[in-house]
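Next, two complexes with subunit A in common: one pairs it with subunit B, the other with subunit C.
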Partner chain A sequence: MSQGFEPLLSALNALAGGLFLLSAFGMVATRQVLGCLRFFIAQSLLLAASAFLLGAAPLSAHLIAVGLLTIITKSWLLPWLLRRMVRQEVYTRREITQAVNIPSSLLIALGLVLGAYFLSAPWLPAGAAAGAGFVRINLPIGLAGLLLGAYTLAVRREALPQLLGLLAMENGAFFAGIAVAPGLSLIAELAVAFDVLVLAFVLGVLTRMIHERTGSTEVGRLAALKEEPFR
Partner chain B sequence: MTTRILYNLLQVAVVMTFAPLMAGVLAKLKEMVQSRRGPSVFQPYRDLWKLFHKDEVIPEESSWIFRVTPYIVFVTPIFVTLLIPVLTSYPLFFAFMGDMLGVGFVLALGGFFAALAAVDTANPYGPMGASRTRMVSFLAEPVFMIVFFTVSFVAGSTIPYIVQQSWVTPLANFFEPAHVLLLLAFFMLITAETGRIPVDNPSGHFELAMIDESKGLEYSGQGAALMKWGGWMKFFVLVCIYLNVLVTPWGLAGGQAAGEVFLAIPLVLLKILAFVLVLVVIESSLAKLRLFRISEFLGAAFVTAVAAMIAQLFAL
Partner chain C sequence: MILIAILALPLLAAAVCGLSGSERWSPRVTLLAALANLLLAGEVALRAAGGETIVALPHWIAADGLSALIALLITAVGTSAALFSWGYMAHSTQKPRALRLYYVNFNLFLFAMLAVPLLAEPNLVWIAVELTTLFSVLLVSFADTHDALEAAWKYAVLTLSGAAIALFGFLLLFWAWQTAGGGPYSWATLRAAAGAMPPRLLQAAFLLILVGFGAKVGLVPLHTWLPDAHSQAPTPVCALLSGVETSAVLYVILRLLPLLGPASQGRAWALAFGLLSAGVASFLLLRVRDYKRLFAFSTVEQMGIVLAAAGLGSGAASYAALLQIVAHALGKSFCFYAAGSAALLSGTTEIAGVRGLLRSSPLGGIALLLGGLTIAGAPPLALFLSEFSILKAGLSGGQYLAVALLTLFIAVAFFGILRHILPMVFGKPLPQSVNRKLPRSVVLTLLLAALPLFVLGVYLPEQLSALLRVAAAALTHLAR
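== the complex of A and B ==
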């Protein structure tokens, strides 16, 4: 209905995509656990913004519902759950230990983004068909978000940022998904959103257990075998 | 023809006149945020007046470099002013003398001589600050290059006057991800190049922690005045490039009439005031980074710039 709005919506969606990518970089680069969580919240909000923009052009209640669902579960319910589950001192600790230092980590992340663009290049629609502009933005950036989440998962040695990396992967997949397959039934999205919460819950409990056992949540330390003293 | 030369010289006059005022306003606003009274906004002018009327002391061991450097530091921003849009949106007489790469080189020349002069004195703090400045600026260099390449790729030109038109001609272009990411990267670059807060504390007086300030420690009298004035002008010029070329190319004079050009002066100053307000908020809410964290800060700027470039290249 709104052919005139399409370029502006597309540009705003591109902006959301750019910031989405930036927040994924932020999750790779930041040192604090709390900063990592904040970047994740920002990323989820941008994902929701993209869903709203996609749902506005040919008005689709389904995409708007996806956006609302994302806002509720990922930017409000999930941080609240994590705050409740994981002890406060994890958030107040300043430094996260990483397997790779941050400048090289950023460069690797950059390589991953380039790779994502090259990988998705053959599948991008070329013409000016309806929604082609959205797919051109969302597919590569979503793929890049997925790869960066996987990378965060791989290099962090702390349980909570690893969990956030996993959730960022899910964010990336969603970001690509809303543009590529906007017709996905709502029940699938609901199931995924619920899954995310269960995942966060389980990993939160796990983190808590690790913390009780070893006195810290640094997963890196678990690499060394520790024998129980003989009683 | 003659009017274009005159306007070009007017730009230089504007930069020379208002650069200290901008520094004064920035200092005053910062003091007000910290709920102190602070010096008057015209204090930088008084400082310059005082310094120009004082005797100059020159270290015995220093060579000609030490004496020449204040003039180079003072003159390089003036040269840059000839190349960039300060007041008008159409190219002036000297606009095609050099492009944005030229701007970068000319500004780097001033920094290079300032670093040499700092090493030239036997003061132990000088070389320390000089090497730190070099570290910061060689990390900032790739960011500048990527920003420059992306911007000129989009505009199809490297002349700042032509570049500024391409981002806003359809207004939707303003929201392109490449543009927004570039704005962020260039902002981080400005803070690094002019020694503002996340990278360096301009109002710190502790020599061991100094980065940018320690280069001028040995200067007194006229030399100190020229170094200070040059530093303010460099800051003013960089902010002008940022605002007039990248962020808000509005409010510049479009016609040849003298009234229009003079009307552009308060408009440009207003834009700079808005920028200074943002800067004050940042400077008052962030702490200075540890020295070896600067590489992370500039690494983030580099990644932002490259992400902008990728987004631009693949969006076509």
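== the complex of A and C ==
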């Protein structure tokens, strides 16, 4: 039975992958903090969708559990936690001064995606081993997600988009992970879910402290610590 | 059981510190738990030195020689840092709530660091490394000043994004492992199956983890956060961050080296990365203005030396690299205790603000001088012996270029460190120095932490060298 469904699942998974990548682009390009959070939630839901599709045939309770865990922690608990910890006015803020303007940012992001495809090409399995089709979709897109998250981190100057870029990097790693390492122990998955929440909590506290101390969450402006230049 | 006790004690201490009504108990409970853990880790190390692997939960929690060595160092520096905190932190803050949170985080941080060597499942080790960052971020930001917050944010963002890159590597590693047959997943089974795993995946995984966790070890070019965080944190935390946290993460990279076969480029990368870090840091040392930053840059240099030594590849070089980890953990933590004392005495961490410390406080002056000499690698102190062994191992392996570069960097760092330290100790005292008395626990820490620096410079106890031999054997590739 599972044989007949595989092309359909594969196609749907490719769609989820495409949208996953699109949401990563969205995080690079939106100026508003709230928009960035929305794109992150969408990305997490697409990660979960891909886990469900991968776990559908042959049926894998493990991957379904991973998908559910992702939805609960990343698209529900995490935004709730961040909303509680960081003041509302931060979310409506718009970043006017990004390090790189948005059109060139998108071009660089495009370059990163191409780079991810070339980089991951030698790792891809040859032939038609079980699950190889999924790996061919998820591995390059996951790597691209990782790189785009890192790029978001590098160009954004506000605290929350940087935090979301960090989490997007992890999303990218897991997007590849659900395909290449589906046998990961459930203990590890649970620990990761816990870890994501601790991360959001700690950086949320830190963001609040920065806000109270400097009157702004623009962490890109924090640049007092450095060495004396050579004379 | 003993391993579970080692992991449980800091958690218990954190709970007691968090829940108890009175702040007076926090430093005592923390010190007591750290001391008990030191004894337990010593017992584990003694058993591991005999070649035994101590197992608590098969494939989940286990300690061989290498793990026991790192755990022992963490508990040793944890104990001295807890003792130092007692007197020092009471001077740093008047707010009881902040102090309580400090001790809760301190114990959680110790727990996360101990989990890194004692967990045997690599994916869980990744989480433990991530937790070491998360539990220490709020320690770095403890002072709640503009600078401390900047340092904490950079620390969190750079090391956590490094961890995400390493995560990709760990997932590839797990994939390679499953391709080779799978089964129970642990460092030991992974090493036994190394020959059967696809080399291309293995190399990619290694490189991603080297770069990702390299950010946390402080390897150039991702070292930029390290001098900030390691100088802004409260001094006992600096001792933990610089002395053992970096080594605990480097331990994970070392665990991967034996997976790579002789045909792989992995060791060459490790050597190149190590040399680059040692070189850049030794020159950056020359132009610091803050003496805590001076010691932090020296950590980057030392980690580079250890990684380069491990990259040399021979058994003697692995042994010397581990000896260097031991000497650095003890020496660098002592440096920060001396720096913290100097800061208490003078009220500043600017190099230019401290002059003639020896005259205003003989103990503080001698401690700073000893710290500087130790970490610069002067004979007959602990780091001289280990750096000498590394150079000797490189020479007997015929890696002359690497040895020449290492010698140059060590010499530059030696000059750089002493150029800053000597005037601080001997110069003419400044008129406006504060001159406070050092708290008793600080004095006691300085005396106790100085002992091993002298001992390890001239004499290596038989049990320790047995442990180092067992641990170094874990770094060699198993031929199939």
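Convention: the second predicted complex is superposed on the first by the 220 of 231 C-alpha atoms of A that agree within 3 Å, B and C clash if a C-alpha of one lies under 4 Å from a C-alpha of the other, contacts with A are read in each partner's own complex, and residues count from 1 in each chain.
Convention: contacts are C-beta pairs under 8 Å (C-beta built on N, C-alpha and C of every residue); 3 or more make two chains touch, one makes a residue touch a chain.
Just so it is clear, the model here is predicted, and its values are computed rather than measured.
Engineer: With the two structures overlaid on subunit A, would subunit B and subunit C clash, or do they fit side by side?
Structural biologist: They fit: once the shared chain is superposed, the two partners occupy separate space.
Engineer: Report for A:V192: first if it touches subunit B alone, second if subunit C alone, otherwise both or neither.
Structural biologist: Touch partner of A:V192: subunit C, not subunit B.
Engineer: Taking the superposition as given, does A:G183 touch the first partner, subunit B, the second, subunit C, both, or neither?
Structural biologist: second
Engineer: Could you let me know whether more residues of subunit A are touched by subunit B or by subunit C?
Structural biologist: Greater contact footprint in residues on subunit A: C.
Engineer: Does subunit B (first) or subunit C (second) touch A:L110, or do both, or does neither?
Structural biologist: A:L110 sits against subunit B, while subunit C stays out of touch.
Engineer: Is A:R213 touching the first partner subunit B, the second partner subunit C, both, or neither of them?
Structural biologist: In the superposition, A:R213 touches subunit C alone.
Engineer: When the two structures are overlaid on chain A, which partner does A:P58 contact: first (subunit B), second (subunit C), both, or neither?
Structural biologist: Touch partners of A:P58: none, neither subunit B nor subunit C.
Engineer: Which of the two partners, first being subunit B and second being subunit C, lies in contact with A:L8: first, second, both, or neither?
Structural biologist: first
Engineer: Between the centres of subunit B and subunit C, viewed from subunit A's Cα centre, what angle do you get? Round it to the nearest 10 degrees, please.
Structural biologist: For this superposition the angle at subunit A equals 150 degrees.
Engineer: With the two structures placed on a shared chain A, what shortest C-alpha distance in Å links subunit B and subunit C?
Structural biologist: 19
Engineer: How about subunit B: which of its residues touch subunit A in the complex?
Structural biologist: Residue list for subunit B touching subunit A: 170, 172-173, 175-178, 180-181, 184, 295-296, 299-300, 302-304, 306-308, 310-311, 314-315.
Engineer: Any idea which subunit C residues touch subunit A in the complex?
Structural biologist: Result: residues 121, 123-124, 127, 130-131, 134, 137-138, 141, 144-147, 149-154, 156-157, 160-161, 164-165, 167-168, 171-172, 174-175, 178, 182, 185, 200-201, 204, 227-228, 232, 284, 287-289, 293 of subunit C touch subunit A.
Engineer: Once bound in the complex, which stretches of subunit A touch subunit B?
Structural biologist: On the subunit A side, the touching residues are 7-8, 11-12, 14-15, 17-19, 21-22, 25, 29, 102-103, 106-107, 109-110, 113-114, 117, 121, 136-137, 140.
Engineer: Mind listing the subunit A positions that touch subunit C in their complex?
Structural biologist: 122-123, 142-143, 146, 149-150, 153, 159, 162, 165-166, 169-170, 172-174, 176-177, 180-181, 183-185, 187-188, 191-192, 195, 198-199, 202-203, 205-206, 209-210, 213-214, 219, 222-225, 227-230
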